Each structure stands twice: as C-alpha cells, then as structure tokens.
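In this document, chain identifiers A, B, C and D correspond to the written order of the chains, with residue numbering beginning at 1 in each.
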Amino acid sequence: MSLEIDGIGIAFGGIKAVDDVSFTARPGEVTSIIGPNGAGKTTLFNLVSGVYTASSGRVRIDGQEVTGLPAHALARRGMARTFQNLQVFPQMSALDNVMTGCHMQEKSNLFADLLGLGPARRETAKSRLSAMAALARAGLAELARRPASEMSYGQLKRLEIARALVTGCTILLLDEPAAGCNAVETREVDDLIHAIAAEGKTVVLIEHDMRMVMRISAHIVVLDQGRKIAEGGPEEIRNNPHVIAAYLGAHGAAEAEAAAHV
Amino acid sequence: MAGQGTTTVPNGAGQTAAAKPRRAARRGIGPGLRTFLIFAVLVGLGALIFPSSYFYRVGTLVWINTLAVTGIVVLLGYVGLVSLGHAGFFAIGAYATAILPNYGIPSPLAMLAGVALAGGLALVVGRPILKLSGYYLAIATLGLGMLIWMVLSKEAWLTGGPDGMVVSGMNARNLFKLVGLKLKSAEAWYWVAGFAAAIGAAIAVNLAGSPTGRALRAIHDSDVAARSLGIDVARAKSLAFVISALYAAVAGALLALANGYITPETGGFMHSVEMVTMAVLGGASSVFGALVGALILTALPQLLTVFADYEHMVLGGIMVLTMTLMRRGLVPFIADLWTRRKS
Amino acid sequence: MTRQAVAAGVSALALLAGTPALAEIRIGASLAITGPAAFLGDPEAKTLEMLAEELNANGGINGEEVELIVYDDGADPNKARTFATRLIEEDEVVAVIGGSSTGATMAMAPLFADYEIPFISLAGAVVIIDPVQEFVFKTPHTDRMACEKIFADITSRGMSKVGLISGTGGFGASMREQCLDVAEASGVEIVADESYGGSDSDMTPQLTNIASTEGIEAIVNPGFGQGPAVVTRNYAQLGIELPFYQSHGVASDEFIKLAGDAANGLRLPATPLLIPDQLAEDDPQRQPVQDYIAAYEEAYGEKPSTFGGYAYDAFHLLVDAIERAGSTDPVEIRDALEATEGLAGVTGVYSFSPEDHMGLDLSAFRILEIEDGGWKPVEE
Amino acid sequence: MSELSQFLVSGVTVGAIYAAIALGFTLIYNASGVVNFAQGEFVVIGGMTAAALIGAGVPVWIAAPLAVFAGMLVGVVLYQLAIKPAREAPLVSLIIITIGASIFLRGAMQAVFDKQIHRYDGFSGDAPLRVGGATILPQSLWIVGGSIAVFAFLAWFLNRTRAGRGIKATASNRMAAALVGINTGRAMNLSFALSAAIGALAGVLATPVTFTSYDVGVLMALKGFSATMLGGVGSPLGALAGGLLIGLIEAMTAGYISSDYKDASAFVVILLVLFLRPQGLFGARITERV
C-alpha cells in the first residue's frame, strides 16, 4: 500500500519542527528520508505514525485518509515502525518482545486469557512460531530467550525490525536501523530491508549511513530545518547542489564522494 | 501447551523462572495450574505447622493480603501503573458484603455485588484517571480512594460511620460443615482465604503469559512501542485497572466476612499505601512477590511488638532499607542472587 | 508499654518454641497506644502497667502474681482482632481489657463470646453494651449519657435550641448521632449541625454558620483530640457569646492548656477525677480518685486523664471479680464481674447486672465549668 | 457579607499552611524529581521542637530558628541515608522509601518527644483582630506572610541565584550539570536542607493555630501533596496557588455547602482539574520524546 504525505507540519513552542512536507512512498520500494541532525526526520515519523498530532497536512494510506488517527489505529491499518532511540521491552526476552508484535493477529478473549484456556494457549503457540521465524530472519534466532536488557545496541535495532515485521504490516517505517551496527551487521540489515521491500511492502527509511541509503533507496526525500529541500532518485540527489550545500556541507561532501564510489 | 516458558514471571524476575516452566511444560502442566499447586502446597504446609487459631488468624490475613496485592501486581508490576487508592475498591467489596445482607440479600450475592460495583467504578473512572502519569496518577488515585473513604465514614446511616459496622452472615465454618468437616472458624477462613489467593495467583500468572498479558507488559516497558504494535493502550490500562480493582474487592469481601466487623479504615490512605508497599517490597513483577510482601508486612507487626515503642521506627527502617538495597523487591533480588550463584 | 510488652513479645516467641505457659494470672490488653487515638490508649496503658506493678508488690490476687500483657493496636480494628486472638490463644489470658476505640472494641467483641473470656472495653459508644453481650463490659459512660447530661443542663438554664459541631472521628460521629437521637426526649431542638475533620486547623466557617442560625441558644461540641481545642479557640476568636458545651472526650487538664483562656466559661460532663479536692468527704469516689492521682503522678510525673481513669476502673473491677470468684476460670470471673455491686471507681460507682454491663448512672457524671483555667462543679 | 469575609480569612489561613508545605515539596521535586512523602514530618519536627523549647522556657525568637535548624539537619540526613542511595530507583520505589522514612520519623518523634498535643502562644499574642466583619488571629498574618516570603524566596532563589540554578540544572540533567562544574551533591544536600527548613518553618508558624503532635505529619503531607499536584508539580507559583485554592475550597464548602464534605470537595476539584489539565494548573506540559 502506498503512503502519501501531503503538506504535513507541526510546531513546538512556535518553532516549526516539520513544515509542509509532502512525498509519496510506494509499495515494493525503499523511500529514504535524509537530512542533517535536527532536520525533523524523527519528528516526521512521529507525525506519520500518530505519536504526535499534526497541526497541518494529511496522511493517506492507499488514498484513504488516516490523518489524526491514534498510533494503535494506524498500526491496525498496516503501519509499523522502529524507533531511533530504541523502544524495546527491556524486561522481556527477545522472543517475548517479538511475540508482543503479534498482538493484532491474536484472536483470544480475556476470559480464555485469565483462565489459561485453549484459545489463549493456541494463540500464544502460534505467535511463538511466527515470532521465532521473524527472529531468524533478523538473525537473532539464537538469542530468543535472552532478556532484551542484555542485548547489544545493534541487536536491539534488529529486534525492533523483527517485532515490526510480525505485525503483518504493509508499511514499515525504519528509524536508523543500522545505527550501532558494524560493517557486517549493516550489510545484513541492508539485505533484510531489501528483502522486505521485495515482498511488496512500503518501506520508509531514516538513515545516516549514506552508502546504505544510496544503495537501497528507490526514492530519497531530503529535509533541512523541517522543510523538504529536495526529492528524487539516488543519482539525482547525489548531484543536487542544494543538497550538497545545505545538507552535506563541507565535511559531508567527502562522505557523498565516498558514497559515489561504492 | 508448548512451554510458555519465559513468560511465567513477567518483567524479568531472572532466568531461573524461565527454566522451571519449561520443565513443567514437558509434564504438560500450564503455568497457572502450577502456580495454583504451589500455593495450595503452601496453604497446606501452613495448616500442618500452625499450633493455634492465632496462627490461622495471621495466616488468613496473609492470604487475603496476598490476593489484594496480586491485583496490585497486575496493575503495577505488569502495566507499571501506580495506585494509591486501591484500598477504596477493597472497602467497596467489604462494605457491600456488610451492608447488603441487612437488606435481605444473602452474603455470597452481596459479595458478588460488591465486586461488580468495584469493577464498574474502576471501569468508569479508569479512563480519565489513567490518562495521567507519574505523580499525577498517584494523586488522582489517592483522591479517588479518599473520596470512597469519606463516603464510608460520613454516611453513617448506611455504613455505621467511622466506628464501622458489624458484618453478619456467612461463616466459612458452615461451608465445611456441608461436606462433613468440623473446623474452627479461624481454620475455616484460613482455608477459604488460601484457596482464593491460590486461584487469584493462578489467574494472574495465566494472564501474564497470554496475548492480553503481553500487551499489558509491553505498556510497562514502552507505551509508544506498544501503541505502534496496535495495542490500544488506553483500553489495556483500563482493563488492568478493572482487574486489579476486582482483586481488591474480593479480598475486601473476604476480610469483612472473616473479621465480622469493618471500619472505613479498610479504605483509608494508609491501607492503600500498605498494599502497594507489600507489592513493591516482595517484588511487584510476580505473584510470588505479592505473597512474600504480604507475608512480611502482615507477620512483621506481630513480631515487632517486641520493640514496643520503637515498632514504627523499625518498620519504617525496614521499608527504607529494603527499597534502597533491593529496588525490584525481595523475590527478584533473591532470584538474581540464585542465578548468579548458579552460573 | 515497655517491660510488659517486651515480656509479651518474648513469651510469644517462647510459645513459638513450644514453652508451656507460666502459672500466674494473665490479663491481656489491646490498646491504641499509638495512632490517632493514642491520647486515649497511652494513659490507659500507663495506668494498667502502674496498677499491675502495684498489685504484684502487694502480693497479687489471692497470692498469685498478675502478668499484664499489652499490645498496641493503633485503634486499627483489624489489628485489634488479631491481638485479641493472640491474647486468648497464645498468651492464655483470663480476661482482656481494652479497645480504646469503639471500632477496635467491636471487632474484638465476637471473639470473647466464642472463647468465653470476659472483656472490659474502655471505649464510649453505646453499641458496645446495647444490646448486652454476655462477655462484654465497659467502664466509660456512654456518649448517649453525655448528651442527656448536657441537654439536662441546657434545659435547666431555660434554653432549648442547640447547635452541634461534631468531630468526624468515631467519638464525635457516634456522640452526634446519640445527641440527635435523645434531643427530643430531652426537650431540646437541634437547629444547626456541622462537622469538622479530626486534624482541621480552622473551624470558623462552621462556627460562623452555627452562630448565625436563627434562635440558637447554646452550642455543643462532641469530639476529642485537638479538634475541640481548636473549636474553643475559634469560638473565642469569633467572639460568640452563646453558652458552650464540650463533651467528656476533652475532660483533661491538657485541654485547658491547649484551649487557654478561651476555655473559660464552657461546661462539660466529666468524672470526679478532675475535681479531687472538691469532692465531699463522704463521697465514695473521693478515696479512689485521690489514690489514683497520687499514684499516677508519682509514677509518671504528670496528671492522669479521664481516659486513664477508665482503665483504672476496669482493672479494679477485674481484680475485684477475680478475688470474689476465687478462681481464674474465665467464666467464673465473668459471673463475678456481672455480680459487681457498688464498686467505687474514679469514673463512677459500678453496679453490673445481666441487663447492664456498664453499671453507671448519670449521677456519676458531673457538669463542670472551666473557671480561671480550673474545673468547678456546677451546682445542680 | 461578614460571613464571606470570615470564610475567606479561614480559607487563606489554612491555605497558606498547605502552600508552605507544598513549596517544600516543590523544591525537592525541582532538585531530584522526587516527591517526598516525608515532607509532613518536617512540619511536625518544626512544631514539636519549637513547642519543646518554648515549653522549657526558651524565648520564641531563639526557639523558632533552632526548630527550623533541627528540621534542616533531619532533611540532610534523610537525603543522605534514604534518598541518595536510591537515586535512580523507579517512582513507586521512591514513594515507598519516602513513606517508610516518614513512618520512621514518626516513630522517632514519638520516642524523642511524646504523644501529647502541643501548642504555644502566637508570636504577636492571641487577641483576634477585627477586619471588615471578620476576625483574624495575628498568627494567621504570620502564617500568610511566611508562606508568601517562602514563595518569593524560592522564586528568587531558583531563578536568580547560582546555587538555585545549580539545583534546577541538577534536576533536569545530573550528568550535564556535573560536566559544567555544578557540585550536584551539594545542590542536592542544599535542596533537601532548604526544603526541610521550609517544612519546619511552616510547622513553627502554624502550631499556635493548628497545634501539633507526633502523628499529624501524614495529613500535612497529604494536603501538601494535593496542593502541589493541583498547582502543577515543580512550580513554586503552582504550589502557592494550589495551597490557597484548596484552603479556600475547604472553607467555602464548609461555609456554604456542607462541612461534612469539605475535604471531599477539595479532592473532586483536584480530579476535575487534572482531567482537563493533566499537568496541573501551572505545571509544565510534558511532550513525549521518542
């Protein structure tokens, strides 16, 4: 399903953190949001996923208006996300973390849950299976029983992806999924995102690792100071003088250069 | 059921808890039933060693408190919500059980009515109150509890006022007579309270490992992440609030019947604090924490009479020390020690 | 509570270890030594300890030592019931004194019927002895009698329209109810009815309302603790001139100290304990009153309160009953207790009967007026 | 009319006491993020110490500062022994710890002092003043003046002094505060000492009107906590407004509606306000950061 953002914005205490941003993310593609620190990328995610309420603009899923819906209602319409500064459930095991993602698929009732009756057990067993599959996909199968509080940053990033995947989402918002990962892990995450998009899901990505962005994005949106300053394919963005000037700056140019040689 | 393993003791009481249920799962016993059996054995053990009615009396209070505190475990340990007003729900259960028989309603029905009333009230006030967080939630629940306490103290025509009222009606002894057992009243109440606590614990453990329970525990750790997974956080919080109110009300009804007399102080601020303290002291993350907390804070004052005038200093000192040294409570602390020793 | 409590605790622990009980007369007490009713329980416990020591120094009862076991229930009925069970089951007492508060008393009461142990309550409310429970007695006047006494004084001064300002604690609420109940029969009309919380610090709004009630002639303040002292000070602050009545709940020198000059001129029903030197030579209470005051002052360096007096009477009633019973069998003690006839205590002269387990009449209550910071009996 | 003015006088006097206690809550919260349920005990320590000293013949102008100083000492000891070791503990543990500390202090006071109710004469005598149909005790003026002085001091101290800004910085980010050279340990000690002093001062000023005894601390803490949360935790202005508002609600309810439910009406107002403004009247709005 496609995700259409139309002129969305929010202000905190008079400062426009996100201002009139529009773009469309299509199924089967990775759409990346880039921009310098404080450009409003995460705030944009929070607006889209219903954590904040937008003061202007619209969000549509497949043409259907979902602006202002609470986060859990958006999740029910197929939107899932990960978080920049990790929102795992540290007191649960990795497996339980991911099983929690199965919430919307679980068809149990309170009565069965309280008394430990058949439906509750069956749903739990089902969730366990799909959670294990998702963990395996994220390369975390061996860590299933480890408490999340004892996992590394990079592992937790992937745990969040696994958790988002089991929700059965069609739109996936990933906020710096490769942060804290070493080169090998970054590559794995890269492949995983590719595979997810290949399934036909709409993937929106915030990422600082330019190599990764350039490698996997079909479409890139550039934010600076809350505003969209450029949009287009990787090649286009790489050569956009505005982007280089406003976003990449002096030392960023070198990074872009490096990315160009991948 | 295939090993609900890691979920038996929610929110990280260590991996010891994770290992045991896996064994149980092989034998085909669910975690709820297993908890029930453990509690049943403990109730029975108590009865084996108790020399007199006095011990049964204290034992009864321990089980009733365990039941009430299990509700706090669901609310605080599972979902992470503080309530400083749950004694109010406790008192609603107790007073309904005391008042309604005076109007010709038999005790068991009165109990049910009280529990339903408490649950209904929790449902109605839960939504607005649970929008608050942290200390604001604390003052709002405190206020709710105080309001209930005030009504119970002022409406003397109904409740007997601050001096309290007699609870007439059912004696547990008669329940046992039906099946041909002759027990002293204190013993009979001990068994009833123990049974209720065991059922309550089993339900709470079942809940923890169920889809609903995972949703509740997710909110404990990250409200935002829970929402992003499609969990209706407001509804889930309200559900936990209602469930914990039901626990408190059942415990209150049992206390009213076992005591035969109640006063508004069962709904007072200090009783709310006591319930939360029991949960936190024992470890709010598991029903065993509830049991240990209830056991300590119920039995301790009986032992502290030795300290006479210094009783309060000792009690306060113990509270401060335990909470600074073992932040997650006794049961998780000991579980951690155990794990570390083993590995 | 010091030595006795320690002894009690140790003996409880000893019992845990299975040591058999000692051969002496054990008397139990569960009192509100701390908590909101501490100013009742504290002097009560002190009085009992003093009396037990004194009794043992003089050879005990019928040659047997008395061991007093005191627990602090903090006026919590739940605790009180547990301690009552403990006294009966573990400490094997022959009788129990206590329940400083009505709530604690009522929570304990059913146990004494079950175990057939006599129990003397020190709490005020009329529900304790009406209806009569076989094993339950009490020493203080009922709040109902206090109302009757006050109303009698009011009508004797030719007034009838009364305003109530009551504490919301157990004592105040119960007495308020009794006052409303007996008003009509006493020829009094309650024209204003206000209340205040036990720890409130300003009652001028309530008093303003009462004082501006049309036709009001006198004001009565049922309550105990600090509330009545605040009310009395506010009364003076507002310059209200109406006759003012307090209850027996504040009948102690402490009250005068707290209320200060504002207390002058107010009246209350009280026991003779407050006017030891003004009792007639032939007054049967003169001796016990003076004995108690002398002993208490020597033991604790302070004046006893009315509440300690309730414990004083309970202890003497019990000792007298045990002596007359010539036995430590609880049921025989109870029977002897019920047969008590004309025992002069500091609160009044007690005569129990199967129908009356308080054994006092209104004559033991005297209306006192505070004059220049001292107590003065009002001629009737 | 004279009725209304009397109700107002009553409400402001009582409210000023609540406000003073709430200001103590506010300072500790600002420094540590802890709502200290033992705050009521400081009030009692102030009152009881002053009563004991005055009872022993010490003149009030010596007894009062000594009592405040006693409160300060206990405040620092409380911080060092109970709060500091538990600094990073979750909110509910902190609630239990401070309640445990308050039970401990209550027990200690019962042992050090006694279980009697105490009072001493008002600083400027007890003869009531007549103001526009209402009567007011001179001590009430002391109380109201004291609360306003404490409020002004706090507002100045937290915003205008180096030490005060250090306290605020410590609360919002201990690490950052330490990095910019703020002695965070000293800031915490200072805030507990000052907060305890404020509580003790409230006790010293209020005792001639409200009396004191070893166990009134819980109630004081409850009222102060209510006032703090009504005003919005952390805001000195909120504490002052919350305290006065609760005092006035109680007096007006007692005067015009029913004295039976005056405490209830205060709680109803608190609940309603929080439903509409979850951060209290003057509290800062918290935005979720993800």
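Going forward, a residue touches a chain if its C-beta (ideal position, glycine included) is under 8 Å from a C-beta of that chain, and two chains touch if they have at least 3 such contacts.
Computed from a prediction, not measured in an experiment: that's the story for all the values here.
Common partners of subunit C and subunit D, by the touch rule above, are B. The greatest centre-to-centre gap from subunit B, using C-alpha centroids, is found for A. Centroid to centroid, with C-alpha atoms defining each point, subunit B and subunit D lie 33 Å apart. Chain centres here are Cα averages; for subunit A and subunit C they lie 72 Å apart.
With each centre defined as the average position of its C-alpha atoms, the distance from subunit A to subunit B rounds to 40 Å. Rounded to whole angstrom, the centroid-to-centroid distance between subunit B and subunit C, based on C-alpha atoms, equals 37 Å. Counting only residues that touch two or more partner chains, subunit A has 51, 83, 87. For subunit B, residues that reach two or more other chains under the stated contact definition are 154, 224, 309, 311-312.
For subunit C, residues touching at least two other chains, in rising order: 34, 168.
For subunit B in complex with subunit A, the touching residues are 1-2, 4-7, 10-12, 15, 18, 30-33, 202-203, 206-207, 209-215, 217-218, 220-222, 224-233, 239, 285. Interface residues of subunit C, counted against subunit B in their complex, comprise 1-2, 5-6, 8-10, 12-13, 15, 18, 34, 71-72, 76-79, 81-82, 85-86, 88-90, 101-103, 106-107, 109-110, 114, 125, 127, 168-170, 173-174, 177. Contacts from subunit D toward subunit B in the complex involve residues 35, 81-82, 85-86, 89-93, 95-97, 99-108, 110-111, 218, 222, 225-226, 229, 233, 260-261, 263-264, 267-268, 270-271, 274-275, 278-280, 288, 290. The touching residues of subunit B, when paired with subunit D in their complex, are 76, 82, 84, 128-129, 131-136, 138-140, 142-144, 146-147, 150-151, 154, 223-224, 269-270, 273, 276-277, 280-281, 284, 309-320, 323-325, 327. Of all the residues in subunit C, the ones that touch subunit D in their complex are 34-36, 38-39, 42, 168, 194-197, 199-206, 208-209, 212, 225-226, 229-230, 233, 236-239, 254, 257-258, 260-261.
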